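Input: one structure, supplied below.
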């Protein structure tokens, strides 16, 4: 029998992760980090750590972040009122300026900084730079994505950087547009045929009619749960985007809580996971 | 004799630029675009155009922008008072947050957007991302540069992108810091042994004691003009940084006006130039 | 309003060319430079300048030159008579030797030299070297092209050189052959799926029945003009080759005059152009 | 406070390893796996796992193995007697054949196989192939290393393979030679300026005069311990080789037990370590 | 007339080989070196020389060797009996250990060494390393090939090495298996779409019913000769593998004698050849 | 004993060349092919064959050719008189035109063609193209070399081509100049630190005072032979250039006869050689 030492358990955990390391090597994982999580300073920390771990074991993470609550606070500070329609804020020119200041000037930097402090090579990029995410006007300054410059994003990833995108898009004419961050992450994952799209929310995942967490769900089952009214509210558009993703060559979508410590690593590196996975 | 056509003159101008194209091919030009210029919507346009032209004829531009006036306006809006010391705003945590929102969330985007609309592949990056510009605390949240991650910046340039940096730096601990944009541009140029450091201001260049523009000046002459009190005020630290640059392998520094139409192209592609060049 | 300076107009012309620079970046342009133009020392100069400009803004030019008149002069000097049939000189072994001496030993050098003097990285290559252009005997030493070693030509272009080919081809057995330069250029453009094939002649382009220049013409219209006898003489085989090119993936063929100053730049970088373009 | 889940501790261990991952990324670690450890089937397993973990987090492991005991057994089976001198078996032609059969035909395969089963891309190579390790005759078929083909070994490592070398070397004339495995590992580490040389034995490390494990020791201290007779027996040549390595640009040498579970990971990824490290 | 010197004939032979050099440049040749040939020390020498010549003129050789007789001798020495069934030794665990010791620990080294001594960059690799050749159990430890890791083998070849594989394969679970060397060579050639599969035996090739060597034979003719009983004994499975190879994109299979001096060069570099070639 | 077959001797010759192949792999050999040899159609053939063999076994040949006699003939045909001074023809503008027509339009093509027919990837390039060889005016149109664009020549070689240069150089202003071909070859060899400079003449090499061929000679001995009057006439400048070459990092210079069949291969691939080698 081999002798065990004080930290042998720690070492064992590393070796237990080998099959996961092997399976996901060089694969692209797109993360959507929800606005609400960004309110918990502490969540930041472990999410950043988890992403750095992934990058160090050969996975290629790309992040899209939100920031809704912070925008609301800033608009209130400025005395500007805004309303939501179909899950996205009605955005005029003045609100758009505030959206950019909060997303590109505050939220993006906070997240990039958290990753860099842990040793990750993160760079923050506005989704509208270089026409990375081109959108079409829905109304006002709200846009829906028409194309993603996947080649240029891949180049940045292959140089070893972890790109962190704000969900600002750009019209063909070059005007910045406000786009739903879930949509940005979903279209990004599709354009890169990502291995995984991981949506971090402040909920545990999809719950069944008895309010129990569903571990895994197929696209058809998800559609049924929506039609039966089990999936409701803000979760509906998230699930719809997840379904779009798995139907367009994204291998798996995960909806997990960002408020569970190391939820990302737990979802990826344990067999049980801790949220809901959606597969085709 | 060859026949001339309506636009022959235009074609001739292109061919006259050949020697300049050849001389500067693949060379790195660092631009500091001053905050004041950024107030003139029109100046933006031609500066952006000029930079796109440079990138298309094989020059590698990198931009550092300022944004002081806009920060002042925003601080006033928020009812925050701030003072300047040694050419840089005294910065506490609350002011720093405002600085980032204006620089990363507004000014950076405006400039990147202007270049992208003209066809340039610009991406905006906060100087603090990826520990690109590490600074040491001077006081409060004001920092002075200690190191530049030149290798990573070169990688981005060599992929064909035009990086546009905000003058936000980062302490070794990961805290964002406010740093003078001229200093950021100067240290960047030195770290890359740039061919040129071009400082765009709202003045025509260095003036002599008769208020006439000095076309070209050596480092020793510049030092004499400072000591004789000919160079004064805000121009002194700019000239000091220029001298530091030319003493550290930057081939030439240009101080030119951003308010003259196409001043960049005129300075680079005509023999007379339109501003002041500082050489060793 | 921005201040304008003496040369602002010049700068503006550079910026107006941006869309053209962007559109043609890294694209291959094949040029046929007609023998007659090569008689005008002055034409040389601007053609060479134009080609260097193209290469400096990222376009990949490849040149095929003619040299008929000069061959005739040399044959006369040697007291050798020769006749033309179907637009190509009847060529026996003795004439072939003279053809090579003039094309490879005189005309090629003159053109390469003109480009190099302007700063272009031109290298002159006989079309028969390395079996670049393999031809099949038509009669005597006259050959028609059977294959082009496009891969090797691309390699030379991608190293940054501007290849200048003489229209000498080679039989499968290694015997040098005389081939129509228009045909060489056309087959080269087809083999590389060139963006443009530009034929420089001493005429302005294709004229309509009222002797007015046709700016743009489709392949079917061109065929109609030939059958109606509007296009006549030496222009017929040129147009037929142009039609072959556009039917085989060359995007556009231009027939322009080499005797207009900077005709190449005017045709490529202005919307009106100065010759005739043939499109599918 | 973030919610903790069942496996949160596991995830935390991964994130605690980040600083080590960052420090050792792309660094070369040379391992000597002692013959005695190779007798413990179980030790194999965790050593192989540990090496696969290292390779997956970006470290470049290269292995040299021993196999003395197994050779002795095989020689006994064949009825051949052999003696040791200066820590290496006296080797004639007949014994050499047996040495190769055991090392290349049995021990090498066992270790390569263990790594491959865990997911590592190991390939077994005899140290004499391709003149990788050229030795000079000491006596009989015993050789001491004169040169290492470091370039070719680097190529194999950079392709992503984990080379596992048997300690067979080759004379300049191409004759296979028996060489001490510690020496092979030491010279390999020196030739590659390895980050670490890790010697796995069946002892815990270097013990002080009170038989307590010495955690860290400088080269001068080690020399003193040898001269004072504290370090004795088979540990002396190992320590001498370790000293040679640290004096020749190998950053650190570790002498650790292969009989402690996951000793490699514990030594590398914990601050205390579990063996002795020798530094300059 | 050119003067001839003493060695002019030698030079002429080199130049006569040009067409063969040109035809086979960068092509992959898979060699099976039969166990029986490996018994003739002398045959080794010229086979090794021939393979080094091929590698130096740009051909990419890969070798699979046998070693049956030597295994038999070793088993006898150990007092172990073994039987053959369908051309492969019935193999239990004890026999497998002996097989590996002989193939990986003796035969492989002998062949690698012979090539290296002549200047070739040979490295010996067990077919089971890195799961290069995965097999499925037939019975006991006898396996038949299911997959070949062609990409990794190509990488090794493209780095300039000559891989020499022992015919040991590996089960999906990582257990080493005994596989017919002809089969290993055949599957390797197929997986790489090799230009040639060259089987070196101790016979001259395929003989017709009058015992005369057949120079060239199509697949259908070969099948006829088997059914007519002309091809018999151990040659039948060899021919069947050859037929499988040519039906699966291997251009040509050669069955030649390793006992004719320089048989490889003679077969490849002369028009007549010296063995039998099998084509589709 | 191995059986020998009809062509075994041929195969043996190939294997005897292995050590030479190994020694010269990837090395640059610069050849000067003298004008006089170019008069012998037959010499062409074997020289071309020899060069193709070298290129196929991994050597990188570059050729500089002469052509003096042919120029004289052509000038006579044109009724132009010319004189020699210091081993180079006095050259005015009219003569220069003739020189170019003969060298670039006739001799270059003949040699390129001979190599291509044998399968070599030769391309003929005038030494003046791309400012490859820049010279300074001596008098009239005679120039002496000032710089060689070695980087660009290396690029062409590394793409796999065999460049064949005519000895035309170019003044800094772009005027073609007549330069001694031995000098061109010598400067080329120096600029590339070539392994060998091989000068093919119509003499057997350097003869001693008894008219016997000197096989090998040091630089100091050569200088002595010149001062003693043993080396005379046209051989003096050749030897002086050879001395310059070996003093400037060219490993060896060979002066050999092009009129001995396969003299290149004999000199390189046999120990005795057939001409004179000059070493430092």
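For the reader, a short list of remarks on this structure follows.
In this document, chain identifiers A, B, C, D, E and F correspond to the written order of the chains, with residue numbering beginning at 1 in each.
Heads up, the rule we're going with is that a residue touches a chain if its C-beta (ideal position, glycine included) is under 8 Å from a C-beta of that chain, and two chains touch if they have at least 3 such contacts.
Here the structure is a predicted model, which is why all the values come from computation and not from measurement.
Following the contact convention of this document, no chain is adjacent to both chain A and chain F.
Listed by label, the chains touching chain A and chain E alike are D.
Greatest centre-to-centre distance from chain C is found for D, with centres as Cα means.
Chain centres here are means of the Cα atoms, and by that rule the chain farthest away from chain B is E. Where chain E touches chain F, the two copies mostly use the same residue numbers: shared numbers make up over half of all numbers in play. Interface equivalence for C-F, evaluated over E-F, A-D or A-B, points to A-B, where over half of the contact pairs coincide by residue number. The angle of the rotation carrying chain A onto chain C, fitted on C-alpha atoms and rounded to the nearest 5, is 120°. Counting C-beta pairs in contact across A-B and across A-D gives the higher total for A-D.
Centres computed as Cα averages put chain D at a distance of 54 Å from chain F. In terms of their C-alpha centroids, the spacing between chain B and chain C amounts to 43 Å. With centres set at the average Cα position, the gap from chain C to chain D is 66 Å. Multi-chain contact residues of chain C (touching two or more other chains): none found. Read round the ring from chain E, going to chain F first, the chain order is E, F, C, B, A, D.
Chain F contributes residues 77-78, 97, 100-106, 108-109, 112-113, 116-117, 121-126, 128-131, 152, 155-156, 159, 161, 168, 170, 173-174, 176 to its touches with chain C in the complex. Residues of chain D that touch chain A in their complex: 1-5, 7-8, 10-19, 21-22, 25, 40, 42-43, 46, 49-50, 52-53, 56-58, 118-119, 257, 259-263, 265-266, 269-270, 274.
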